[in-house]
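Next come two complexes built around chain A: one with chain B, the other with chain C.
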Partner chain A sequence: MKLNVDGLLVYFPYDYIYPEQFSYMLELKRVLDAKGHCLLEMPSGTGKTTTLLSLIVAYMKAHPLDLTKLVYCSRTVPELEKVMEELRKLMNYYEKEMGMEQNILGLALSSRKNLCIHPSVSKEREGKVVDGRCYSLTASFVRARHAADDAVPICEFYEGFDAHGKEFPLPPGVYNLDDLKEYGQTKRWCPYFLARHTITHANIVVYSYHYLLDPKIAEVVSKEISKSSVVVFDEAHNIDNVCIDSMSVKITKRLLDKCSNSITILETTISNMKENDSKRLEKEYKRLVEGLRDATIARETDMALVNPVLPSEILEEAVPGTIRTAEHFVAFLKRVVEYIKTRLRVQHVVQESPAGFLRDIHTKVCIDRKPLRFTAERLASLIRTLEISDLTDFSPLVTVSHFATLVSTYTKGFTIIIEPFEDRAPTVSNPILYFSCLDSSIAIKPVFNRFQTVVITSGTLSPLDMYPKILDFHPVIMTSFTMTLARQCILPMIVSKGNDQVAMSSRYETREDTAVIRNYGNLLVEIAAAVPDGIVCFFTSYLYLETIVSSWYDQGIIDQLQRHKLLFIETQDAAETSLALINYIKACDNGRGAVLLSVARGKVSEGIDFDHHLGRAVLMFGIPYVYTQSRILRARLEYLRDQFQIRENDFLTFDAMRHAAQCLGRCMRGKTDYGIMVLADKRFSRADKRSKLPKWIQEHLKDTNCNLSTEECVQICKRWLRQMAQPFSREDQLGISLLTLEQLQSEEMQKKIQQRAQGV
Partner chain B sequence: MDDYQTCPKCKTTKYRNPAMVLMVNACGHALCESCVELLFAKGSGACPECKCPLRRNNFRVQLFEDPAVDKEVDIRKRILKEFNKRQEDFPSLREYNDYLEEVETIIFNLVYDIDPTNTNKMIDNYKKENKDITQKNRNRQSQEEMELEVLLEAEKAQQSEKANLYVNAELEEKKQKHKAREKLIDELMFSDADAKSIVASHVQATAALAKEQPKAAAQLSSGVVKSSKFSSGVQIGLRGQHTNSFLPIPKQEDLPLYRYTAPVFDYDGPPPPPIEKLGKLNYFANIRAANITERAGGYTEAMSCCRALQEALGGLFYSPQLTHKAAVLATNASTPDTDDMETT
Partner chain C sequence: MADEDETKEYRWESGYEKTWEAIKEDDDGLLESNVADLVARAKRKRAALKATGAIQLGMMRHLFVVVDASACMFLQDLKPTRFLCVLKLLEVFVHEFFDLNPISQLGILTTKMKRCEQITVLAGNQKTHIEALQQLKDFSCEGEPSLQNSLERAMNGLKNMPAHSSREILVLFGSLTTCDPGDVQKTIKALKDNNIRVSIIGLAAEVRICREIAKKTGGTYNVLIDDHHLKELILSQVQPPAVAGSIEASLVKMGFPGGTPNVNDGTCDSSADHAPAYCLCHIDSETSSLMGPNGYNCPQCGSRYCELPVECKQCGLTLVSAPHLARSYHHLFPIKPFMERSRVPDTAHCFACAKLFVEAETNVYECENCHQIVCLDCDLFIRETLHTCPGCASDPVTAQMKTN
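Our next item is the complex of A and B:
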């Protein structure tokens, strides 16, 4: 249908629209007009993706000069594919309505692993290996060698792309990963490089967070995206952690040993080269004398070793004299690695600021800050010069060089933690150096500065005011939309005590209490008896899950449970978990019914949907706080308190509640769906926890459902399930939660929508 | 990792003898402590590997896994003591970099024994030419480097202070909440007022408290020093510290005006005659009159007389059984003339 959103003509590829989708469009339009950033929360299953795409495409068509590109970031490959499907639907609708080909090019980009079509390289399973092998076939020096000697293998697809692909741009249309591969096969062009090349002129680019947030990759892939783009981060409730991960480095003893090996390889290669082909080294040396800028202008395929961001004023400078020649640099690297090795030889935990580290490295091995800052650049340049084609061995050394560069570049917002052993196994020596980023705003700052509009959206972003604080930006609009429902199809409840009136809680003190464990078990058994099909349970940690399940065995609860449903358990092993999931789905499909025990923050809690019969009830056993004794977390909390005035408790609760909300959201994936949400912990009923749940859940969480015992909870469930079992057709929804164009345009509805769209 | 360390002479490993300590000398070859004791019993000898003469007291504990690095760091430290020119000493960055590379080459040559005669000549030449600059830089270099670090250290100290502040504030808040709740419960238990109104007033009070808290937080946060330098370590503004150390003039608080009140003495005895009346009562007859010089100093016989009388009468009514208050009452009750009043 064609909509009029605040004066903008929007093509919406469906015949019906949810009222909240329309409000979402209104807000988004305002943000685009204002050229600012925004934070939008809308429940999962209400069609965020379609809404976003149709509005932004319409805006691009109406204002082609103001908005040139949409960059859509998502987390996983299946999610990317979903977005591409929606986009394809939208473009088909445009074609049908306007009756002509649309001049819009949209494509998905993923790693080489997902896009490679080389017959042998694409068989590799590990992403790093694929990257390394691709590099060894496509690097400029390999190709130069091939020109001289035909025996040197190269990639025919890349050659094909290089010879012809650049002149012929991809024809307009929508390309997901498979389409790209197919197109590459027919043309004999490399799809990966084709996609990377096409990014610069595509209208819609869909890729993973890392291509924008990880400074090492962003520099290579997303460099040429213009300012007049809109960037969308979907499923962005974890965006701060992604930012932090992209800037953090972890160095283990084994990694350092591997570094020593690669250094010896470097040494021998240099001495060989000096004997045979000293000109090349001289050439590099001269280039470095002139300045680094020229050194970084290299061919696209040689960018396999990417560098962390350096402030551009440093890039203008020449490499310091201490590391200019190859031998000196290798000796320098050796000293750095040996120094870090001595640092790892600690008996107790050390926490240090980057400044302290710099001073110590200066006194111990006489390394100044400046050459340290250039380590990553210099190493990349050296590896290029030495024509080392097998890069996989060098990744440890590259990691160390990143660490050196980062530690000397940033003095604020980072900390160095050296742990001699893991907390769980204090007798086994396993020293690890964590260089951990404490400030999530560092990685995302360039994104906010560079693009005119950044949209952060997810089903669970509550409490909204936390995100601007920790990401350090000023949103134009922060809004949380609720779901309009024709019937009350979610039933959130807080169960605080068992039938014996013992309070249920996963508090540390009562964790081991058998009464609490038994009450949790009874709750699950009684709910399993009352609720049909699938039930998903979330525990706070793997450890807690295991202890509870083992004592349920002793108490006979597992037997009782298996009388009603089959039982599946998520483990830390990915293969095991996916097997459990497949069988869980099978059991739900054939009507046997099943219970899945999984962990908040685990694989199941993010990204796997339990729609309809796969998840009729979600149980949250305990509040999923993070492991608070972790030193990295402690350091981050301290930093947040000092820099952003966020109190420890506030952040911990925020983090726990957003994970709880993610888990609860698993069972609601649309308006025809219905599901029970049980929060089984006494502490959930406190105002500070409750108020941090997303608005669309809070709305249905009545005071009467906040302090229930197991029996009361089961009674309410039964009554509610009977209501839900009544036939439910589209006509019931029409006019309330589902609108036709006429209904949308009616004055009454417009008024309602205006009311709903009040900012938070 | 240390388990693999082996002494090249006696082949002891760290695994077999955890107490083993490897030592290195100027040549960069390692020896375990007991081998050093044995071979260098005389105080000096030759390195078993490279045969270069070594002194025993130059042995020190090997810091790095690779003894070559130990050696290199030694040489580097020695050389850098002499070669300590800084970027300001050069007209351009390019020349500074060339100089750095030269230094690096010298160190490299020394470590790997490449062309030792020439290298040593170069060092000597440099030493002669740049004696004064070296001397000058020795102090300067450390200054600048340390300044940066000291600043950061100070920041850290500040942080820990702040952390304490926050913790205290949080504790205080918790206490207050607890108190408020206790108060509510007490009121509900003992007061006769309507329960609803009590709860309502409690809610109001807590809301008022909650409003105040952001203010307190803001106060705390205003104490937070914004970062004083860019990520590259360059300071923002002119030596940020000095501009910040501007102390406000302490504000004077409004106190009530001073008012004189006559001191009250408690004699614990019959009140002595006032000083003006001493002459009339003829007390001066028994004492020496003041002479001229004493009068010039402001002394009169009335003073010493009055004081003697006060001492004589003070404390006459004092009794350990009577409390202080009672004694005062007693004196008040007694008339000045009843000298013979008895106390029990």
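Our next item is the complex of A and C:
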């Protein structure tokens, strides 16, 4: 249908629209007009993706000069494919309505692993191996060698692309990963490089967060994207963690041992080259004298090693003299690695700032800050000169070089923690050096600065006001949309006590208490008896899950549970978990029913949807606080307090509640879906916790359902489930939660939508 | 219908409810009123479905009723227990079923401890079924049910029934889980291939597999709200369903046994006919006794039966009496659907029951033939019980036309 959104003609590819989708469009339009950033929360299953796409495409068509490109960042490959499907639907609709081909090019980009069509390389399973093998076939020196000697293997697809692909741009249309592969297959061009090349002039680019947030990759892939773009981060509730991870480095003993090996390889290669081809080393030296930036004439395939520092921070100076010659640099690397090794030989935990680390390295092994800063660039240059084609072995050394560069570039917002052993196994020596980023705004700052509009959206972003603080930006609009429903299809409840009136809580003091564990068990058994098909339970940690399950076993609760449903448990092993998931789905499908015990912040809580019968109920046992004894977390909390005036407790609660909301949201995947959400902890009913739940959950969490005992909870469930099982069709939704064009345009509805938009 | 008076349960018997909340929910305009609305609409839909005249109905039905007898049937959310409540309603159902479908047959199965047991075989004798149901009351409920086993069992019973009859299974399923030996999808496919329609009534909550089975085999799936709703759901199964597509039309050979001993017609040789004989329906049971001269003899082989309709055990002939056929007849010529009209103020009362329309009722129903206005309840009553429009019947002209 064609909509009029605040004066903008929007083609919407469906016959019906949810009222909140229309409000979402209104808000988004305002943000685009204002050229600012925004935070938008809308429940999952209400068609966020299609709303975003149809409005932004319409805006691009109406104002081609103001807005040239949409960059859509998603988390996983399946999500990426879903976005492409929606886009395809939208473009088909445009074509049908306008009656001609649309001049819009949209494509998805993923790693080489997902796009490679080389017959043998594409067989590899591991991303790193694919990257390495690709590099060994496409690096410029390999190709130069091939020109001299035909026996040197190269990739025919890359050659094809290099010879012809750049002159012929991809014709307009929508290309997902498979389409790209197919196109590459028919033209015999490399789809990966074709996609990377096309990014610069495509209208819509869909890829993973890391291509923008991780400075190592962003520099290579997203450098050329113009300022007048809109960037969308979907499912962005964990965006601060992604930012932090992309800037943090973890160094273990084993990694350092591998580094030493790589350094030896470097040494032998250098001495060999000195005998055979000393000219090349000289040439490199000269180039470095002239300045590094000019020297690296960007050859896209050579970019396998990149600088971890942000583009704006990259130095325009020449590489300092001490590390210009290859031998000196290798010796320098050796010293760095040895120094870190000695630092790892500690008996107690050390925490220091980057400045302290720099001073120490200066006094102990006489390494200055400046050469340290160039380590990453210099290593990349050396590896290029030495024509080492197998990069996979060098990844430990690259990690260390990144560390060196980062530690010498940033003095604020980072900390170094050296732990001699893990907290859980204090007798086993396992020293780890964490170089941890404390400030999530560092990685995302260039994104905010560079693009005119950044949209951060997710089903669960509450509490919204925390994100501008921790990401350090000023949104034009922050809005949380609720779900209009024809029937109350979520039933959130806070269960605070068992039938014996003992309070239920995962508080540290009571979590080992058998009465609490038994009450949790009884709650699960009774819910399992009353709720059909699938039930998903979330615990606060793997450790807690294990203790609870073992005492349930002793108390006979597991036996009782298995009378009603089969039991599956998520473990830290990904393969085991996916096997459990497959069987969980099977048990739900054929009516046996199943319970899945999993962990908040685990794989299940993040990426997997339990729609309809797969998740009729979600139980949250305890508040999923992050492990507060972790030193990295404590350092971050301190930093947040000092820099952003965020109290520790506020941040911890925020973090716990967003994960809880994320877990609860797993069971609601659309308006025809329905699910029970049980929050089993006394503390959830406190105002500071409750008010941090997303609005669309809060709205249905009545005061009377906030302090229930197990028995009351089960009674409410039973009654509610019977009501939900009554026939429910599209006609029931029409006019309330689903609108036709006429209904949308009716004055009454417009008024309601306006109110909704202003009310928040 | 007999227990209409005792349907209102005592306050202390009813479930744990917070009445003050119910009022609040109504204020929201969201929950309770909405559900009531849904139920009313479902009623209307039922009426509409029945009213569509053109469809062919399966008059000759073979139905297996599967009763869940697993541990969860001892729960007391239906009074006195789920199991007893269901049995009681089933008795009503069996009675109504044979009343409306005299030439159909019915069998009862139960499922517990992951197995399926046969209580009565497919037969057209309602007495045996009702007796069996009464005996079931002392039955203990335990273990898990098995949907697959019961469906397979019922399917084996139905598979060999003649193709012109409608084959159906009705499952009353209280459990939320099923313990099956194999892949239930295969069973669903087999059911579909055999043209067996499975309808399921859930007693607790929506179970995905049940919905799937019902959808794939063309049956219905409903979940009760309370015991009144359950009764409504069970009784809605009494009406013969529309024939699913490809049932072949065929001539069925039927026997009409001579009823009264006084009449000597050509179908039976008189002396043997009235001599005392064992009734074949009871000959297996221990209580079998010699029958008097009253009974029905199969016109083909002469076997004696105490009740009609029945399928002759000796020669397999379906024995019916003419009134039975006549009673099934109205299914074939249902009255036309009434038109839904928004209420105009000048029609103050329902033509059928003379009830005054209250403000809340927004819709009334009009007969296309006689243009009389009736209320929703009367509309349903006319359709389900009366099978004739009071307006048309009381109008001498139309009534004349109809008989002509």
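What we mean here is this: the second predicted complex is superposed on the first by the 752 of 760 C-alpha atoms of A that agree within 3 Å, B and C clash if a C-alpha of one lies under 4 Å from a C-alpha of the other, contacts with A are read in each partner's own complex, and residues count from 1 in each chain.
The rule we apply is simple: a residue touches a chain if its C-beta (ideal position, glycine included) is under 8 Å from a C-beta of that chain, and two chains touch if they have at least 3 such contacts.
Because the structure is a prediction, the values reported are computed rather than measured.
Enquirer: May I ask you to decide whether A:Asp732 touches chain B, chain C, both, or neither, giving the answer as first, second, both or neither?
Expert: Only chain C; A:Asp732 stays clear of chain B.
Enquirer: Once chain A of both complexes is superposed, is A:His328 in touch with chain B (first), chain C (second), both, or neither?
Expert: first
Enquirer: Specify the partner with more touching residues on chain A, choosing between chain B and chain C.
Expert: Touched residues of chain A are more numerous for B.
Enquirer: Thinking of the overlay built on chain A, is A:Lys565 touched by chain B (first), by chain C (second), by both, or by neither?
Expert: Only chain C; A:Lys565 stays clear of chain B.
Enquirer: Classify the contacts of A:His164 with the two partner chains as first (chain B alone), second (chain C alone), both, or neither.
Expert: neither
Enquirer: Once chain A of both complexes is superposed, is A:Arg592 in touch with chain B (first), chain C (second), both, or neither?
Expert: A:Arg592: touches chain C, not chain B.
Enquirer: Check whether A:Lys227 is in contact with chain B, with chain C, with both or with neither, and answer first, second, both or neither.
Expert: neither
Enquirer: Where on chain A does chain C make contact in their complex?
Expert: Against chain C, chain A makes touches at 486-488, 529-533, 563-565, 588-593, 612-613, 616, 704, 712, 715, 718-719, 721-728, 732.
Enquirer: Can you name the residues of chain A that touch chain B in the complex?
Expert: 253, 257, 260, 289, 311, 313-314, 317-325, 327-328, 331, 334-335, 338-339, 341-342, 345, 353, 355-356, 359, 362, 364-366, 369, 409-412, 638, 641-643, 645, 647, 649
Enquirer: Across the complex, what residues on chain C touch chain A?
Expert: 15-16, 18, 21, 30-31, 34-35, 38-39, 42, 72, 77, 144, 147, 176-180, 183-185, 202, 204-210, 222-225
Enquirer: So in the complex, which bits of chain B are touching chain A?
Expert: For this pair, the touching residues of chain B are 1-2, 63-66, 69, 72-73, 76-77, 80, 93-94, 96-105, 108, 111, 145, 148-149, 152-153, 156, 159, 162-163, 166, 170, 217, 220-221, 224, 227, 229, 231-233.
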